Amino acid sequence: MTTTPNRTARERWRRIIFDHDTAAGRAFDVALIVAILSSVVVMMFDSLPGLSPQAHALLRRLEWFFTILFTVEYLMRLWCAVHPAQYARSFFGIVDLLATLPTYVSLLFPGGRFLALVRVLRVMRVFRILKLTEYVEGAGILMQALKASRHKITVFIFTVITLVAVVGSLMFLVEGPEAGFTSIPMSMYWAIVTLTTVGYGDIAPVTVAGRLLASVLMVLGYGIIAVPTGIMTIEIQKATNAMSLPRAVTCAGCGRADHDRDAEFCKRCGQHLPPRDAL
Amino acid sequence: MTTTPNRTARERWRRIIFDHDTAAGRAFDVALIVAILSSVVVMMFDSLPGLSPQAHALLRRLEWFFTILFTVEYLMRLWCAVHPAQYARSFFGIVDLLATLPTYVSLLFPGGRFLALVRVLRVMRVFRILKLTEYVEGAGILMQALKASRHKITVFIFTVITLVAVVGSLMFLVEGPEAGFTSIPMSMYWAIVTLTTVGYGDIAPVTVAGRLLASVLMVLGYGIIAVPTGIMTIEIQKATNAMSLPRAVTCAGCGRADHDRDAEFCKRCGQHLPPRDAL
Amino acid sequence: MTTTPNRTARERWRRIIFDHDTAAGRAFDVALIVAILSSVVVMMFDSLPGLSPQAHALLRRLEWFFTILFTVEYLMRLWCAVHPAQYARSFFGIVDLLATLPTYVSLLFPGGRFLALVRVLRVMRVFRILKLTEYVEGAGILMQALKASRHKITVFIFTVITLVAVVGSLMFLVEGPEAGFTSIPMSMYWAIVTLTTVGYGDIAPVTVAGRLLASVLMVLGYGIIAVPTGIMTIEIQKATNAMSLPRAVTCAGCGRADHDRDAEFCKRCGQHLPPRDAL
Amino acid sequence: MTTTPNRTARERWRRIIFDHDTAAGRAFDVALIVAILSSVVVMMFDSLPGLSPQAHALLRRLEWFFTILFTVEYLMRLWCAVHPAQYARSFFGIVDLLATLPTYVSLLFPGGRFLALVRVLRVMRVFRILKLTEYVEGAGILMQALKASRHKITVFIFTVITLVAVVGSLMFLVEGPEAGFTSIPMSMYWAIVTLTTVGYGDIAPVTVAGRLLASVLMVLGYGIIAVPTGIMTIEIQKATNAMSLPRAVTCAGCGRADHDRDAEFCKRCGQHLPPRDAL
């Protein structure tokens, strides 16, 4: 009952573009991912200083090639989507549009730097390709864990901010402007660089008191990373357990409801079950 | 039974200022958080070097505006608190007072740098706004996990201190003062910077033996972070499990005692249950 | 039934070279690990600048000594393996061959730097020595945990790449080329250095906006390490639980099947059980 | 039955010096910890460059004061220990001896730097004070977790070493000696500094290929910390569960065996139970 012989071209294209479970659909996905990554690489090369005019012209032509490709793809998605307006207003619909617009805008306004920034959002289109069941489940578990731990994480972040503000101010008092601690915001920037164990070294304490205070902050920063890690571990475990419960969907044909999470067809009557991630 | 029509102004203000579950109370919270963060930003700008006299005067006037605002707020809290003396001696009562005092003190003593430090404690007032049930629970779990793991954490910290003392002394022996290892305390400062993976690079080994020793310390520092992380994860899990037990409160109306943790009313007779965080 | 008196020399050597449970086999393992590590140390010394011609000649002679030793070992393994062709095509067979070839090739082509690279693969031969039951189990648990978490890890890595691309581009916009942000790829390199908390400090933001953005990236990088850690913890736990189940092997002698995981002989009839890692 | 009225002076001193559960014993512990930390601080100050001769003489006298104090303490421990020879050969017996010897040796040989190193081992004596039940339990859980995870940790460390060797050699090939990659050992030092996210910045890649390779190493280093963390979390959990089982000790008086872990007396007949950490 899954293959309908007399499908229209629109339906056939929809399966290729939006689905990932046919050979044609997978080929389309691979081609799209190559195009996306290539266009991002082209954009990055374009920002390199000291390019010859020829190289610049070539990259410009490649950019137009990818823009037209993505424009065609966007129009086809609009044409064959079940609800075109809904697609256009969805997250990926907007990302798809933003992947093409900047190049056209650059004909009118030459502000290259800012447009490059919008174009880099193309990278996010790769996530669409990951819309296979396993990835959706993996992302779902991570999202649920983040959502469940938001209150604890908020408490943690406010504690970190308070720590940074207090230590930053103390350090401004202790160290002079010679060592780089020229103001409280600058001291707080140093406190963040130190607490997160990044440690650029552009600003570093030079007095004994400053180094003592910095040592305490370093050990604290080294230790308190344990807190969000512990929180996330517990929440990922909870979300994983919740995911392994049977799927709460009722078959329209026979009424059976205890299907596995990855079931696509009813195990008793073979009826196609409603999709799990019904966008 | 929850709304009492003929409340006094004091009672009405108490609900606005101390509670977070009415529209007016939430609006007050939002206004307060904006005022707190603005006053901290003003204080930070004030520490920037190279400000024009006009900018300085403006920031000074803003500082006085926030100080008077917080003073009025403090006096209102004192007036409408159930037990004013108890509030004044509580943690947040002292923080509220410290948020206003420095500016008045600056009229008498001009020591700006040190007073800025006291004023930065205002950031901590943000925690008051987080006194919603979910945040209190999140903070409670974290506090309980920290408390339960204090013996293991103490053992861990003493091991780290011993490691830092031994490696710092060894490094002082191995590297000369040319590389920055001028004394044992300085070598220990370097050992902390390295063990916590901060790595400023202001002091770094240059001899072969020193780099070998540093490599061992780095791998150790990279690895032993696993220990507090493991401890915290286990303790957060235990604290989370303990939190999910039903609430041990007995309804004054019907005597029923098996209420959910977030229950505010008795599920059988609708009687208002005593507040959970009765402070 | 385990010791066969009239074994051939080939069988005796096979037990010494491939097995780890006899005194001779363990002695062979220790000798091999010493030879491997010595040869790697020799190779490293050889790359040191400013060596005297005598030292160079000595290291060269030592290199030939180890190469001939490993060649003899390789030929003996080929000779006494149960399936020589299978061994030659196995992972360790190829590593063993690559451990000897570069020195012979250097007679024909003098490209020393590249050959040193191939020779460093000798380090991997150490893993063969770890083929004791406990290590195989440890490695097995880690491999299974990595395999089970590949979908979540992929989602995580793509999120990190997107974050790096977006923040890198933003930073290229915000900071000028004076601070080192000369192109988008360079800004993305900085974003990776910062997000992973490495923080070399060769490129660092200097403007206020850049430092604000960098602070956000640092806190994010500091926090999101919790995600893969949480994932790995859950998967290692699952894999550990799965490993502690009884071993699914049936004794050829009596048919009993509920043996412990580390059982080498049937606990009822003493028959030798088939090896667990039959390769 | 616990207090024996007619104890000898030796027994009374033993309780003060070796036990931690009497008022006198606790006072002794506090005095000792103050003396240990003071002597370490004195030693550190002594290593500071540019001290006046007076300061140096004062520190020297303080050092002799602490040395004589620790010598007296050592002799008293020898005198009142149950088995003096056993104490002298125990770990803490040797540490106690090493805390006093270097100062006497310095009268004969003036090699100050090396002796300072031996003296720093005094810090380890602090661990003796932590010999309270809760700390012993905390340390026991950590030791057991480390012991249980040694096979997985060994596999992990060898993987890291192989990764460092391979990436270090590759980097030596890719980057020239100008960027600091002067030899394979130096490149491996850089690889460790990068993989552990320390990132001094004294050696950093400058070519495009080098930075690409470094980025991969950073992301790997950032991610694989999840592996030991996951291992430790599981093992700490197992060790914690094992610790919470009842104590397997049989009362000599009534034969009852199900005592709590921290029980010191039999809960039925009040008989003193044998000490848990019968050293």
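The chains carry the letters A, B, C and D, assigned in the order they are written, with residues numbered from 1 in each.
Going forward, a contact is a pair of C-beta atoms (placed from the backbone, for glycine too) under 8 Å apart; a residue touches a chain by one contact, two chains touch by 3 or more.
Fair warning: this is a prediction, and the values are worked out from it, not measured in the lab.
Undergrad: Among the listed pairs A-D, B-C or A-B, choose the one whose interface is a repeat of B-D, with over half of the contact pairs the same by residue number.
TA: Comparing each option in A-D, B-C or A-B with B-D, the repeat is A-B.
Undergrad: Considering B-C alongside A-C, which chain pair is linked by more C-beta pairs in contact?
TA: By the number of C-beta pairs in contact, the winner is A-C.
Undergrad: What is the chain whose Cα centroid lies farthest from the Cα centroid of subunit A?
TA: It is D.
Undergrad: On a C-alpha centroid basis, what's the spacing between subunit A and subunit C, in Å?
TA: Centres of subunit A and subunit C (C-alpha means) sit 31 Å apart.
Undergrad: Which whole number of Å gives the spacing of the CA centres of subunit B and subunit C?
TA: Once rounded, the distance between the two centres reads 43 Å.
Undergrad: By the touch rule stated above, which residues of subunit B touch at least two different other chains?
TA: 185, 197-201, 221, 225, 229, 231, 233
Undergrad: Within their complex, state which residues of subunit B touch subunit A.
TA: So the residues of subunit B in touch with subunit A come to 40, 43-45, 47-49, 113-114, 116-117, 120-121, 123-124, 126-127, 130, 134-135, 137-139, 141-142, 145, 153, 157, 160, 185, 189, 192-193, 195-202, 221, 225, 228-229, 231-233, 235-237, 240.
Undergrad: Quick check on the complex: what are the subunit C residues that touch subunit B?
TA: 197-201, 229, 233
Undergrad: Going by the contact rule set out above, which residues of subunit D touch subunit C in the complex?
TA: My answer: residues 151-152, 154-156, 158, 161-162, 165-166, 168-170, 172-173, 177, 182-185, 188, 194, 197-201, 204, 208, 211, 214-215, 218-219, 221-223, 225-227, 229-231, 233-234.
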